[in-house]
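Have a look at these structures, which come just after this line.
Next come two complexes built around chain A: one with chain B, the other with chain C.
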Partner chain A sequence: MRGETAQTSARATALRCLRPVLDNLPALATLLICSFLLLHSLPGSQADALLTSDLGVAVTAEDHTRLQARLGLDRPLWQQFGSWLGGVLRGDLGYSRLYAAPVAQVLADTLPWTLGLVLVALPLSLLTGALPGLLAGMAPQTGGAKYLFALVTLLSSLPGFVIALLLLSLFGFTLGWFPTGGGISLEARLSGQVTLADLIYHALLPLLALSLHGSVRYFYLAWGLAQQISRRPFIRYARHRGIRGAGLLWRWYLPNAMPELLSRLSSSLPGILGATLFVEVVFSYPGAGALMLDAINNRDYPLLQGCLLLTGGIVLLGNSLLDLITTILTDRG
Partner chain B sequence: MRYETPLPLVKIGLRLCMYLLLTLGLTASLARADEPRLVIADAQGDWGPLAPWLHRARGPGYVYTSFVFDTLVWKDTQRKIRPLLAREWSSDADWRCHHFTLHGRARWHDGQPLTTADVAFTFEYMQQHPYRFVDLSRVQEVHTQGNRISICLQQPDRLFVQRVAASLPIIPQHIYAQVADPARFTAPEALIGSGPYRVADYNRAQGFYRLVRNEHWHPGQPRYREVVITRLAPQAAAVAMARNEVDVMSISHEYVDLFRNSGAEILQTPSNHPYRLLFNHQQAFASIRLRQGLAHAIDRAQLIQLAFNGHALAARPAYRQQGGLAGLNAYPSDLEQATALLTAGGWQQDADGRWLDAGGNPVELRLIAAPGAERLVQVLARQLTDFGLTLSVRLLQDVPLTRAVQQQQFDLALLSQSHQGDPDRFRTLLTGRHARGDQYLANTRLLELLEQLRYQTDPKQREHTLLQAERLYNADLPSLPLVNPLNFAAQKPGTGAAFTPQGIAMGIPLPLNKLALFAPETAATEAQKAP
Partner chain C sequence: MVARSLLLLICLLALFCWYSDWPQPQMSSQLLHPPSSDHWLGTDALGQDLLARLLQALPGTLATALACGLLPLLAGLLLASLSALAGNRLDRILLKLTDIFMIMPAILPLMILAALLEPGLGTVIILISILSWPDDFRVLRAAIRRQLFSDAVLTARGFGAGPAYLLRWHVWPVLRPLLEALFLQNARRSVMLSAGLAFLGLTDPRMANWGTLLLDAQQQIHHAAFWWMLPGPLLAMTTLILLLNSLSPEERKHQA
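And now, the complex of A and B:
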């Protein structure tokens, strides 16, 4: 009897754990189908891109037709999508003609860089947004809070890549404090010895751009939460007891705002990932951003589909994991 | 007691001095001949694996691949054809068969000897698997006899050595014979060539190549022990060059002063990649008068000053960018002449100065261009709108731009293609066999001349025919070459980079000719210095 109950309970837990993944799967499928259709609706095909060269030999209509057939682009769209999907299910993401390598290999080269930025930028944006937001929300009538609010409002109007351009221009080109591009220094590339310090030094500006971009939503959320918390009796008692400033923030505001803030992490993942792709292009960072841009410009369909599958997969997995954690925490009360 | 100069001591001293001088001289010359590393900075960095079917078609992919794969002969920076895998060559009197005698010393990077069988195999294999930079469609047969190989064509071709033998990378038979699809052959063996360097490391994500010296390169030991090609923004490269960390980089004109201030030597050459304004001669600009009239409405000197800060030349209004203007209309900026020609072409100006077409409707022109030509488009559009024309401008990436040209979705297209190297490019560009060609088939005499040019062998006759064709093109004006930008490169003095007149191999306008950079006699090569 007890065994059956345990089994039922385990099944229920597994189902609950799987639900976030299942919930996110239709979104990924929609993304892949839409992107496939949109990409194919762009003017020109991969055959055009491969045959376009300033110096190459003359191209005949037959050359074009032959290449279209070799690439499988002469088949109906649904067949092309079907064979790509079949390949994915067999573990084959296709072949990138642009990079002359299997898509999985091209992605594997760039994945660590993009993932590194996203994984660090996500908590960083939470910290850089939530803490000032709570601080400002604790005393919204002060001059500092008003200035901060205005500054964040200004920041919120800027896309991630514009923030990246401004930072690059100021700290990279004008002041020369940070590298103007790349993931590691020239010395490290030449010597083959990459240090953590060098990696961090090159990642700082991209991370700063992403964190600033991502922090805006947490600032507003924390600002609102702080004002809600301020109205609660325990805060009034705490203030009566003379608790002020950082003490009040760390011991009363932060613990009460944190569950709400953390629950928004999953929803900010797509935004951060999207911004990362643009920021990578600005900083010539060796991630999936430049890869996607190249794939679009050269109509490298398998590569772009692979990139979207990868980024969509990261979002799906990240969201599912965060939802799962929330579910477990909710279960535990 | 007579003091005598101790002759043996003097002799010894003199010999010692001579020895020292010789040693110093030898050391200096060895230092030139055996330098540790050449670092090439590249704004993009990744141009694909350095093998014939794997490198990217645009940019320096072919040139980097030439460091790894040798051709039969190679063009030096004086535009002379030099021996490479072939030590001598000749052509029959009718220019149909061409004969090459190989160096016996050449070897592949894996140590296998390079033989005429490899050369014959390359021709056969590349006919089955076309390589986009070399046209072998006219090769009829290939014979080998000992160390000699003969290539016979369907028709005579006086430029075969320059056009094919100096551009076709020879590939190893023992590797490629088993490869069904070379565009998907990415095993490390795909990068085994016979050139001065072999690929030791390639990092796609970082845009990084490390090539190490082929100690057995048959012309002699290459100058640098290793060559590094690495992605670097121009600003970062200028700083690195000042620190002696980077040796050479191709740059755009905006960065000339930055690199000059970093102590770099600046090389420059006309790109011969002119921007030309293609008229839609099948629709809005079907009338020659309209095309000529619009040409007179453009101030090319202003385009050069405003769009290129003076770092460009007025393009020769014909195919070739070198040569005089005799017999050619330069289409100088002349608004009165422009107005007269447009009016003769059926357009008219209203009281506000706006141009109306033959039906009395305002002329609205669609101008398309690549994003890289944005400044030029701005200045050009301003000139044309000031002249009373209404323009809608679209900047399109490569693929949609090509598609728009092919599908006639434009009235004016600002395009840029190489006008150097293979003279047959004039025909392919004009007839539209090139993806962004003029597609101009209206003048049959012009087409006949260009067809004749393919088979003419006498230099004087060829020059005469080409000039005639250029004059017809200049009069009909399917497109108008506007501006010939200058190409720049920055190098650490003594690096050895130099532009090749008419471009490397089939016309690539880069300063990285391997004979200038790596050949043992590199030190003697004079680089073109910018004034």
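And now, the complex of A and C:
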């Protein structure tokens, strides 16, 4: 009997952990269908693109039909979707004219850059937003807290790309402390020897812009949470015991605010990723955002489709992972 | 009070600009001139007066804020009311749909659709509205559900009130402060989003927008002109957003 109960509860736990993953499946399906329809609904078919040439060869309607049959464009839409989906699952995303390389390969080159930015900026924005927020929320009436609050309100009125632009012009151009663009220095690109210091040096300003932009929502959240926590009896007791400042923040406020703060991580992923696209464009960072804009401006649709799949995939995967982690952390049996 | 009258003043100015078609920035041979008594904010790379371009974008920006504040709100309110009253299946479908919307960064579909359509003002408004109703729907759905269990509604139900009557007299009036807050939040977001699209150069180049001005400024980042091209659109946008922010009711101000 006991073993059976343990088995059912194990199965229940597994189900509970799988739920967030399953919840994202409809979104994945929508993403795939939308990406496919995007390419398909564009004016001009692949057959037109292949047959058009500057040499002025006379193209008969028969040629056109034959090519369409060869490319499989005469089949019903759902069959075409099926074969495209099969290709995507095998990692075949088409061919990018702009980069003269398979889309999958172009994307694989840019993925680490974007992923690196997002993965570092996400916890960094939590840190840079939540700690000042808690600190200010602990004593909302003091001058410092009011000053900080006003500063963050000002920051919240600036779109991410404006923050990036200001940082770039100030620290990159006027002061010259940081590089003005790119992911690695020119020498590193020429010699092929990439050092970690060089990577960090180039990523610092984009990361700062992203974290500043992302930290705003955590600041307000932490500010509100701190005021709620302040009303609880154990805080009053701690204050009576003479605990002040950093100790109070670290041992009393932070642990009580943490669950709420962490639960917002997954919902801030889309926002951070969206801001990343802009920040990459401003800093000419070699990531998916800059690539996407390139693809749009050059009408390279397979590449655009790949970018859409990639960024959408990152969000879905990240979302599932964060949900999974939260579920496991909050799973108390 | 100050914020309210300032915003009113800006709206009047925008109305005047729109009605009289007044600032028509002309190209001139004075390229990238610093601010002077002729050109208060200086000139850009085409010799156009920057203040004129700033004013030219004002009506469009306010129209975006107004329309993108209202349209998603109306759609959200309608759908939330329907789903709260019409029952389970519709509710579940709509919730799932909003789930999908919330997972995607709004800028992603916006960028791609914008790339295909090269949208003017109207299309930008519609695109942003389509992408921002799910937020409003979720908040309003929760509020309506809460309200449906209030004493007032239960009593009115006991007297045989129908759904339309309940919504009109007992649910919607209570939601008013929430609706105002959501409107302002939508408006703020749409100003930033449309400026973002224009900054990436994805909108119709004829559409005047502060984002385009920021893009022009970025292209002069190596030139001293950056320092008089940036402040205009930057301050204009920040001021508008802060003004909208200051109108929100205190408790819902920072949940954007």
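Rule of thumb we're sticking to: the second predicted complex is superposed on the first by the 258 of 333 C-alpha atoms of A that agree within 3 Å, B and C clash if a C-alpha of one lies under 4 Å from a C-alpha of the other, contacts with A are read in each partner's own complex, and residues count from 1 in each chain.
By definition in this document, a contact is a pair of C-beta atoms (placed from the backbone, for glycine too) under 8 Å apart; a residue touches a chain by one contact, two chains touch by 3 or more.
Computed from a predicted model, the values in this text were never measured in an experiment.
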Which superposed partner A:193 touches (first chain B, second chain C, both, neither) | neither
With the two complexes superposed on chain A, say which partner A:181 touches: chain B (first), chain C (second), both, or neither.
-> first
Which holds for A:106: it touches chain B only (first), chain C only (second), both, or neither?
-> first
Of the partners chain B and chain C, which touch A:173 in the superposed model: first, second, both, neither?
-> both
If you stack the two complexes on chain A, which partner ends up touching A:293: first (chain B), second (chain C), both, or neither?
-> second
Quick one: classify A:304 as touching chain B (first), chain C (second), both or neither.
-> second
Examine A:312 and indicate which partner it touches, taking first as chain B and second as chain C; both and neither are also allowed.
-> second
Report, in rising order, the residues of chain A that make contact with chain B in one complex and with chain C in the other.
-> 42, 173, 297
Name, in rising order, each residue of chain C that touches chain A in their complex.
-> 96, 99-100, 102-109, 111-112, 115-116, 188, 192, 195-196, 199-202, 214, 217-218, 221-222, 226, 230, 234, 237-238, 241-242, 245, 254-256
Per the touch rule, the chain B residues reaching chain A in their complex are 37, 39, 46, 48-49, 53-58, 62, 130, 132-135, 183-184, 186, 203-208, 228, 230-233, 235-236, 239-240, 245-246, 273, 397-400, 402-404, 416-418, 421, 428, 433-436, 506-508
What part of chain A is in contact with chain B in the complex they form?
-> 42-45, 48-60, 63, 95, 97-101, 106, 109-110, 113, 172-173, 176, 179-184, 186-187, 189-190, 284, 286-287, 297-299
Residues of chain A defined as touching chain C within the complex | 23-24, 26-27, 30-31, 34, 38, 42, 153-154, 156-159, 161-162, 165, 168-169, 173, 217, 220, 223-224, 267, 270-271, 273-274, 277-278, 281-282, 292-293, 296-297, 304, 308, 311-312, 315-316, 319
